[in-house]
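In structure tokens below, several structures.
You will see chain A twice below: alongside chain B first, and alongside chain C after that.
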Partner chain A sequence: MKPLLRVRGLRTSFKTGRTVARAVDDVSFDLLPGETLGIVGESGSGKTVTALSLLRLIQTPPGHIAEESVVEYNGVNLLELPAKELRRVRGAEISMVFQEPTTSLNPVLTVGSQIAETLRAHRVISRRSAAARTIGLLRRVGIPEPEIRTRHYPHQMSGGMQQRVMIAMALACEPKILIADEPTTALDVTIQAQILELLADLKRQLGMAMLLITHDLGVVAGIADRVAVMYGGQIVEEGPTAALFTNPAHPYTEALLRAAPRLDAPTARLPVIPGAVPPATRWPTGCRFHPRCRHAWERCTAEPPPPLATPTEQRARCWLVDEPVRRKP
Partner chain B sequence: MTRLLRGLWLERQARWGLVLVAALCGLAVLAPWIAPYDPAAQLDLAQGQYLAPSTLHPFGTDFYSRDLLSRVLYGARISLSIAFLSVLVSITVGTAVGMTAGLAGGAVDRLLMRGVDAALAVPRVFLLLVVVALWEGVSVTGLIVVLGLTSWFGTSRIVRAEVLSLRQRTYITAARALGVGPRRLALRHLLPNLAAPVIVAATLGIGQIILIEASLSYLGVGVPPPTPSWGSIIQEGQQALAVAPWVATFPGLAIVATVIGFSLLGDGLRDTLDPTTR
Partner chain C sequence: MTAAPLVEVEHLVVEFRSGGGLLQPAHTVRAVDGVSFSVGRGETLGLVGESGSGKTTLGRAILRLLPATAGAVRFDGMDVFRLDPPALRALRRQIQLVFQDPYGSLNPRMTVGAAVREPITVHRLARGVEADARVAALFKEVGLDASFLSAYPHELSGGQRQRVGIARALSVGPEFLVLDEPVSALDVSVQAQVLNLLADLRDRHGLTYLFIAHDLAVVRHLATRVAVMYLGKLVELAPAQTLYADPLHPYTASLLAAVRAPEPTPKGKSMVVVGEAAAAARPPRGCLFEPRCPHPRKDDRCRTETPAWHKVEPGRWAACHYIEEPLRPE
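Showing the complex of A and B:
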């Protein structure tokens, strides 16, 4: 199948004073029509910057997306598109839902008028029919009494409701791709489940592809078809969800899975990954994970591993794929 | 709006400000009905000069035997309208310049802000005197324009700073992510968020403009006679301060009340409009 979104060699850096932070450094992936790709990684791994770079929402300066990076949607490189045409893609073809609903809704506009804004940005539509469609959208994302709610301000709603409004805004023009950047992080657990279910439902109904960014492996396991694990501004491992979860090829993925609490095998203490994510201004030489890796040997400190194909359909940036005998038990 | 008024009413200082401002505006509007005399009428040039306050003339009379209460009431109309309209001009220009600078950034921002810095370095009354002196026979409309165009510098700075901070908010990125264009973003998404600081700047600005208009009139380059403005009444009364102190005192008190009223209201508005203090 031809990918809907083709990302190749994406590099985004930020210049602060004399240092340069390479927040996203050579990220490549494909998003197929109708599929859900989960991007996981801890804070500072470059997930959000990747998402923002796709639609050129990085503030430049201080941000900078390398000229040779490619973000191809329908055969067009979005990174080279004139601003006016890019605006036609944003919201209409590719939409985005943000992490914190409380801060991603404008406090001084009613939720109805904010949803109508997306409609009016892309379609020639009268005020009245925009209002009618807004009520329909609110109903669709499961907000009770949409006729009343449409006139409310964001602060009159709960976090879960606000996130539903944000989703309604993002889906107003029925985009082909939805980028969801940690859509449930700011919500409590029961609401999280509801929002994820809503996203999965809407995705099916509209036949969208979804790029789900999260640090929660459980969320990814539940709804993603494929998973990409990010570390140090790179995708260190990528593959079908089931394969990646049962046979993690990269030691980082393995360690992440081991650090996640499991209901079927409760333990007193969860194992942790020693050390911390290095700052984006000073990535380690060779493999970026080697200072924290229990398998690391000389090759890992010297040569950065490229994405290597594993026997179980994944691709991992790890020399262990090349030399499996080095893997410690 | 009702929520805002209730919030203001609940704060003690703001309530005083609200009452004072409402009373002054009410008196100004109702001046033709409550003023006992025509403010320009010279009642009795032979025996009516500089009469002390009495039941007949609660504020006394001036050199031309005009009733001072009527003049102060009519003066409120002039002084307050000049203040309102000049502030309207100044916040409009200030907001436009501040938003342009904040949104455009780079060279445009630097150029505009250095210009504002330079303008702020010139003493305001001096600047006004030069402009008014060059402009022969300045009318009330002219005065409003001149006052408005020389008092937006501070507002533009406040607005620029606010825009720089608002630009970073997630909801602005979210609006951009959903395809909202730059003009709509500025007018629909940013502008309403600027209302609070701009309204506060405006209320505080009204007090200042009243003072400046008074000093200009006092210096004899403000509102042309015989139209009464508070400043011009004080100027006329100054010559007779020893014989008839009431002439300068009553319009002076009116100015003090207005400035206090708007300052209290402005402080109160800042507290009620700022969501972080709610």
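Showing the complex of A and C:
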């Protein structure tokens, strides 16, 4: 199948004073039509900068997207598109939901008028039919009494309801791709479950593709068809969700899976990853994970591993794929 | 438990006055509504609830950082709410609080070494070189390199800052720590490090914890018993293993179902609860959880009659009309 979105060699850096932070450093992936790709990483891994770079939402300067980077949508490189044409893509073809609905919604406009505004920005549609469609959208995202809620201001709604409004707004123009950046992180656990289910249902009904960005492996489980794990500004492992969860190829993926608190594991000590994520201004030489990796040997400190294909359909930036005998039990 | 508990909370009520301006008539919000439990020496009680459940307010009221409206808190037999100022100061050495985000609780212009030293000098536990030695020992204890002594909070990572917060709490030699979401702001890999550190410190010093969290999975690694709170009331309290294996209250079951395990086909979708918690200012009549309750037997009684907090079996408490009737009505 032809990918809907083709990202190749994406590099985004930020310059502050004399230091350069290489936040995203050679990221490549495909998003197929109707597919959900989960991008998982801890803070500082580059996952949010990746998402923002796709739609050129990076402030330049200090940000800079390298010229040779490619973000191809419908055969067009979005990174080279004139600003006016890019605006037509943003919100209409590819739209985004952010972590904090409170900061993304305008506090002095009713939620209905904000959704209608999105519709009218991209479509020729009368005020009246925009209002009617807004109510339909609010109903679709599970907001009770949408006829009344449409006239409410964001502060009159809970965080979960606000996030539903954000999703309604993102869906207003029936995008082909929805980028959801930590859509449930700010919400309570029971509400989190509701929003994830809503996203999965909507995706199925509308047949759109979704890029789900999160720090939580539990969130992508059961929703994502494929998962990409980011570390140090790179995708260190990528593959079908089931394969990646059952046979993690990269030691970072493996460690992350083991470190997550879960309900069914023994309650003894949690296995930890020693150390901390290095700053983007000073990535380690060779494999960026090697200082924290329990398998690392000389090759890892010297040669940066490229994405290598594993027998279980993943790709991992790890020399263990090349030399599996080096894997410690 | 046969020994006397270290902390006893009895029918604690904390109310806030709200409104009273031009736009809103004055009203009272009951953030904590008649909560009772005890924490044994060396035990870790997990207190789990979502935002607005009153868990943080409860933690602060125990420390007398917030005034309680009614009820009592006893620490080592002492009535915390009736202590005179010198006795209260002495108590503050025995009970310490660790915050979710140490960034918000550390002075940005003070080195973290000085921040850990401060309580030691305030409580006149040591001075000069002796205090320095204590700070150095505390840094070592929480796994921070001595080179961080002269660092400022912004120079540390979230995990390192939380270690500073823990060192600061430990500096006065407390017996009881209230941990308010101590790992919620941390990345998964760092979360595990801090949870292990908390377990080590507890075992090494025989500390007693009240571990407040919104996530049952996080609490599980430390808690001996778990209390679940909803809209200001406890809905269930049980030994940790029992609660995770066999939750009695539908809300506990929903919270457990909402934990998404990192595995390819997570279960539990069927238990997703509907709706959202009512505002604490306008609680529903009857059972507070009724509007969202997935229990097949819920009925008019749930809508009108507040379920009693009762002992289901020894050590196991719950407030729901539709679990087995109390073994020993009290």
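Miscellaneous remarks
Methods note: the second predicted complex is superposed on the first by the 329 of 329 C-alpha atoms of A that agree within 3 Å, B and C clash if a C-alpha of one lies under 4 Å from a C-alpha of the other, contacts with A are read in each partner's own complex, and residues count from 1 in each chain.
Convention: contacts are C-beta pairs under 8 Å (C-beta built on N, C-alpha and C of every residue); 3 or more make two chains touch, one makes a residue touch a chain.
What you are looking at is a predicted structure, and each value in this text was computed from that prediction instead of being measured.
After superposition onto chain A, the partners chain B and chain C occupy separate space and fit alongside each other.
Note on the composite model: angle chain B-chain A-chain C, taken at the C-alpha centres, equals 80°, rounded to the nearest 10.
Contacts of A:126 after superposition on the shared chain: neither chain B nor chain C is touched.
Once the two complexes are overlaid on the shared chain, A:170 sits against chain B while remaining clear of chain C. When the two structures are aligned on the shared chain, A:193 is found in touch with chain C, with no touch to chain B. Of the two partner chains, chain B is the only one that A:57 touches; chain C does not reach it.
Once the two complexes are overlaid on the shared chain, A:219 sits against chain C while remaining clear of chain B.
Comparing chain B with chain C, the partner in contact with more residues of chain A is C. The gap separating chain B from chain C in the superposed three-chain model is 5 Å, by closest C-alpha atoms. In the superposition on the C-alpha atoms of chain A, no part of chain A is touched by chain B in one complex and by chain C in the other. Those residues of chain A lying in contact with chain C across their complex are 42-43, 158, 160-161, 188-194, 196-197, 215-219, 221-222, 241-242, 245-246, 255-257, 259-264, 267, 269-273, 276-277. By the touch criterion given at the top, residues 169-171, 173-181, 184, 188-189, 192-193, 195, 275 of chain B touch chain A in their complex. Chain A makes touch with chain B in their complex at residues 52, 55, 57, 87-92, 95-96, 98-100, 103-109, 117-118, 121-122, 166, 169-170, 172-173. Across the interface of their complex, chain A is touched by residues 50-51, 157-160, 187-193, 195-196, 199, 214-218, 220-221, 240, 244, 254-266, 269, 272-274, 276-277, 292 of chain C.
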